[in-house]
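Have a look at the structure below before the remarks.
Lettered A, B, C, D, E and F in written order, each chain numbered from 1.
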Amino acid sequence: MDPNLAAMQNLPQAQQQQLMQAIEQMQVRDSLRMYNSLVERCFRDCVSEFRSKDLNAGEEKCVQSCATKFMKHSARVGIRFGELSSEAESQMQAMMQQQQGGK
Amino acid sequence: MDPNLAAMQNLPQAQQQQLMQAIEQMQVRDSLRMYNSLVERCFRDCVSEFRSKDLNAGEEKCVQSCATKFMKHSARVGIRFGELSSEAESQMQAMMQQQQGGK
Amino acid sequence: MDPNLAAMQNLPQAQQQQLMQAIEQMQVRDSLRMYNSLVERCFRDCVSEFRSKDLNAGEEKCVQSCATKFMKHSARVGIRFGELSSEAESQMQAMMQQQQGGK
Amino acid sequence: MAQPGQPDPAAAIEMAKQEMDYRVNLFNAMVSSCYEKCIDKRYKDGELSVGENSCIDRCSSKYWQVTGIVGQMLGAQGGMQ
Amino acid sequence: MAQPGQPDPAAAIEMAKQEMDYRVNLFNAMVSSCYEKCIDKRYKDGELSVGENSCIDRCSSKYWQVTGIVGQMLGAQGGMQ
Amino acid sequence: MAQPGQPDPAAAIEMAKQEMDYRVNLFNAMVSSCYEKCIDKRYKDGELSVGENSCIDRCSSKYWQVTGIVGQMLGAQGGMQ
C-alpha cells in the first residue's frame, strides 16, 4: 500500500526536479482545497440565520473556534497518520527481508 | 486571496494561447461536473420510490423544478460572487496604493 | 451526451498510444479513489465506538460485509450502466442515420 | 465545439479524457446515489437481497432518466456551453 | 512564493490554473452551501420565492465573510504554506 | 505493476504523483471521518478536550485498520487492478 517515492532516487537529475515541482504544485492545490473545505464546514456548522447580511458576534466567534479546532484536529491526525505509515513501512521491509532471506 | 491572472499579461503570445486553451478545457470539465452534481442532487431530492423502472409524473415534474431552481440559484450566487470579488479586488488595490504612497 | 472515443480511431499511432497511457493512468487513479471512498463509507457505517484503538469483532465483520456488499452493488450498477449506455448509443446512431437519410 | 475535418491530436486526446472523466463521474454518482437509496446498512452479511437487487436495477434506470431530463434542459437553454 | 521580476511562463500558467481551480471550488462550495441553507426542497415549481432570493444574497455575503476570517487565521499562523 | 530494472522517467513521475494523490486523499478522508465521529460541534472554544483527543487517536488507528481490511479484500479478488 505504501512507498514508491523510493523510485524517485533512480531518476535523472532533470526529472527529479520536475517531480519536485509537480509535488509542490500539488501541495499548493491541496492546501487551497483544505482551506475551501474548512470554510465550508465551519460555515455549515456555525451560520444558520439569514436575517442580516453580516455575521453576528456569535457566528464569528463560532467560526473562529471551529477553524482552530479543525486545525488542531487535523494536526493530531497528521501525527498519527505519520506513525501508522512508518509502522506499516517497517513491517513491509521486514517482510521483504524475510522473503529474500528465505531464498 | 484574489487576483493573479494579471500575471498573464506578461506572458509571451504563445503561452497566452496555451493558457487560454487550458482555461477552456477547465471550463468544459467544470460544467460537466456541475451537470453531474445537479443530476445527483435532484435525483436525491425527488426520487425515492422504486416499484417501477420509469420515473412517474410527479418525480419528473419535481426533477424539472429542482433543476430550474438550482440553475436560478446558481446564477444569483454567481452575480453576488462577482460583486464580492471585485469589491475585494478594489480594496486590495487601494491598500497597495496606500502602502506605495507611504514610501 | 455520449461517445467520442470514436475520434480516437482517426489519431496517428503515436497519439493513440499516448491516449491509451493517459486512460490507464486515469483508471489507476479512479480505482484508488474508489478504494478510498469504500473505506470512508464502511468506516462511517460500521465504526462508532472509540473506547479502544482496535476494531472489535463486530466492527470487523461489519466492514467486511459492507465492502462485499458495496462491490456487488457497484458491479451490478456497472452492468446496468453498460446496457443503458449502449442503448443510448444505438438510439443516437439511428437518429443520425435518419437525419442523413432525410437529405 | 470541435470542428470536424480539422484533426488536432492534442485536442482530440483532451476531449477523450474529458469524456472519460465525465463518464466515470456519472457512474460513480449513480453508484453512490443508488447505494444510499437501496442498500440496507445493517450489514448482517455480504449478500444483496432480492429486494436490493431489483431496487438497484430500477434505481439505475431512473437515475439515467434524470440525466436525460436535466441534459435536455441544459441543452435547451445553452447552459452547458 | 513567486519571485517578481523572474518570469517563468510554465510556472505562471500553473499559477493561473491553480487560482482558477481555487475560485471555481470556492464558488461551487458557496453555491451548494447556500442551496442547503436557503432552498425549499419541496420543489412545487421552478421559481425562487422572495424569501429564498434574499436568503441567497445574505448567505453569499456571510459565506464570503467566513472565507475572510478563516483566510486571515491561516495566514497569521502560516497554515497556508 | 512497474517492472523493476526498466526505468521510464515519465512513468516513474506519474506513479509518484498517483501515490501522493492517493495518500493525500486517504489522509483527508481520515481527517474528515474522525472529525465527524469525535468533535463536539458546539464550538464553545477552540480547544480539543481530553475526550476528543483520545477519540482522535483511536479513530485514526481504527480507520487505518479499515483501510487494511478493505485493501486485503480488494487485493485478494484483484479488484484494484
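Operating definition for what follows: a residue touches a chain if its C-beta (ideal position, glycine included) is under 8 Å from a C-beta of that chain, and two chains touch if they have at least 3 such contacts.
Per UniProt, the chains are A, B, C, D, E, F = Mitochondrial import inner membrane translocase subunit.
Fair warning: this is a prediction, and the values are worked out from it, not measured in the lab.
*Asks:* By the touch rule set out at the top, what is the minimum number of steps from chain A to chain D?
*Replies:* Shortest path length, in steps: 3.
*Asks:* By the touch rule set out at the top, what is the minimum number of steps from chain E to chain F?
*Replies:* Contact-graph shortest path, chain E to chain F, evaluates to 2.
*Asks:* So which pair out of C-F, A-E or C-D basically repeats B-E, with more than half the contacts the same?
*Replies:* C-D
*Asks:* Which chain is most remote from chain B in terms of Cα centres?
*Replies:* F
*Asks:* Quick one: report the Å distance separating chain D from chain E, using the average Cα coordinate of each chain.
*Replies:* Averaging C-alpha atoms per chain gives centres 26 Å apart.
*Asks:* Could you grab the centroid distance between chain B and chain C? Build each centroid from C-alpha atoms only and quote it in angstrom.
*Replies:* Going by mean C-alpha positions, chain B sits 25 Å from chain C.
*Asks:* How far is the middle of chain A from the middle of chain F, if each middle is the mean of its Cα atoms, in Å?
*Replies:* The answer is 9 Å.
*Asks:* With chain centres defined as C-alpha means, what is the inter-centre distance between chain B and chain D in Å?
*Replies:* Centre separation, chain B to chain D: 21 Å.
*Asks:* Name the residues of chain A that each touch 2 or more other chains.
*Replies:* 37, 46, 64, 67-68
*Asks:* What are the residues of chain D that contact at least two other chains?
*Replies:* 21, 38, 57, 61, 67, 71
*Asks:* Take each protein chain as a node, join two nodes whenever their chains touch, and name the resulting shape: line, ring, star, complete or other.
*Replies:* Graph shape here is a ring: one loop, exactly two partners per chain.
*Asks:* Taking the contact definition as given, in what order do you meet the chains if you travel the ring from chain B through chain E?
*Replies:* Read cyclically, starting with chain B and passing chain E second, the order is B, E, A, F, C, D.
*Asks:* Can you check the complex and tell me which residues of chain E touch chain A?
*Replies:* Listed in rising order, the residues of chain E that touch chain A are 1, 14, 18, 21-22, 25-26, 29, 33, 36-38, 54-55, 57-59, 61-63, 65-67, 69-71, 73-74, 77, 79-81.
*Asks:* List the residues on chain B that touch chain E in their complex, please.
*Replies:* 1, 3-5, 7-8, 10-12, 15, 18-19, 22-23, 26, 30, 34, 37, 41, 45-46, 62, 64-70, 72-74, 76-78, 80-81, 84-85
*Asks:* Of all residues in chain D, which touch chain C in the complex?
*Replies:* Per the touch definition, chain D meets chain C at residues 2, 7, 9, 12-13, 15-17, 19-21, 23-24, 27-28, 30-32, 34-35, 38-39, 41, 43-48, 52-53, 56-57, 60-61, 64, 67-68, 71.
*Asks:* Going by the contact rule set out above, which residues of chain B touch chain D in the complex?
*Replies:* Touch residues, chain B against chain D: 25, 28-29, 31-33, 35-40, 42-44, 46-48, 50-55, 59-60, 63-64, 67-68, 71.
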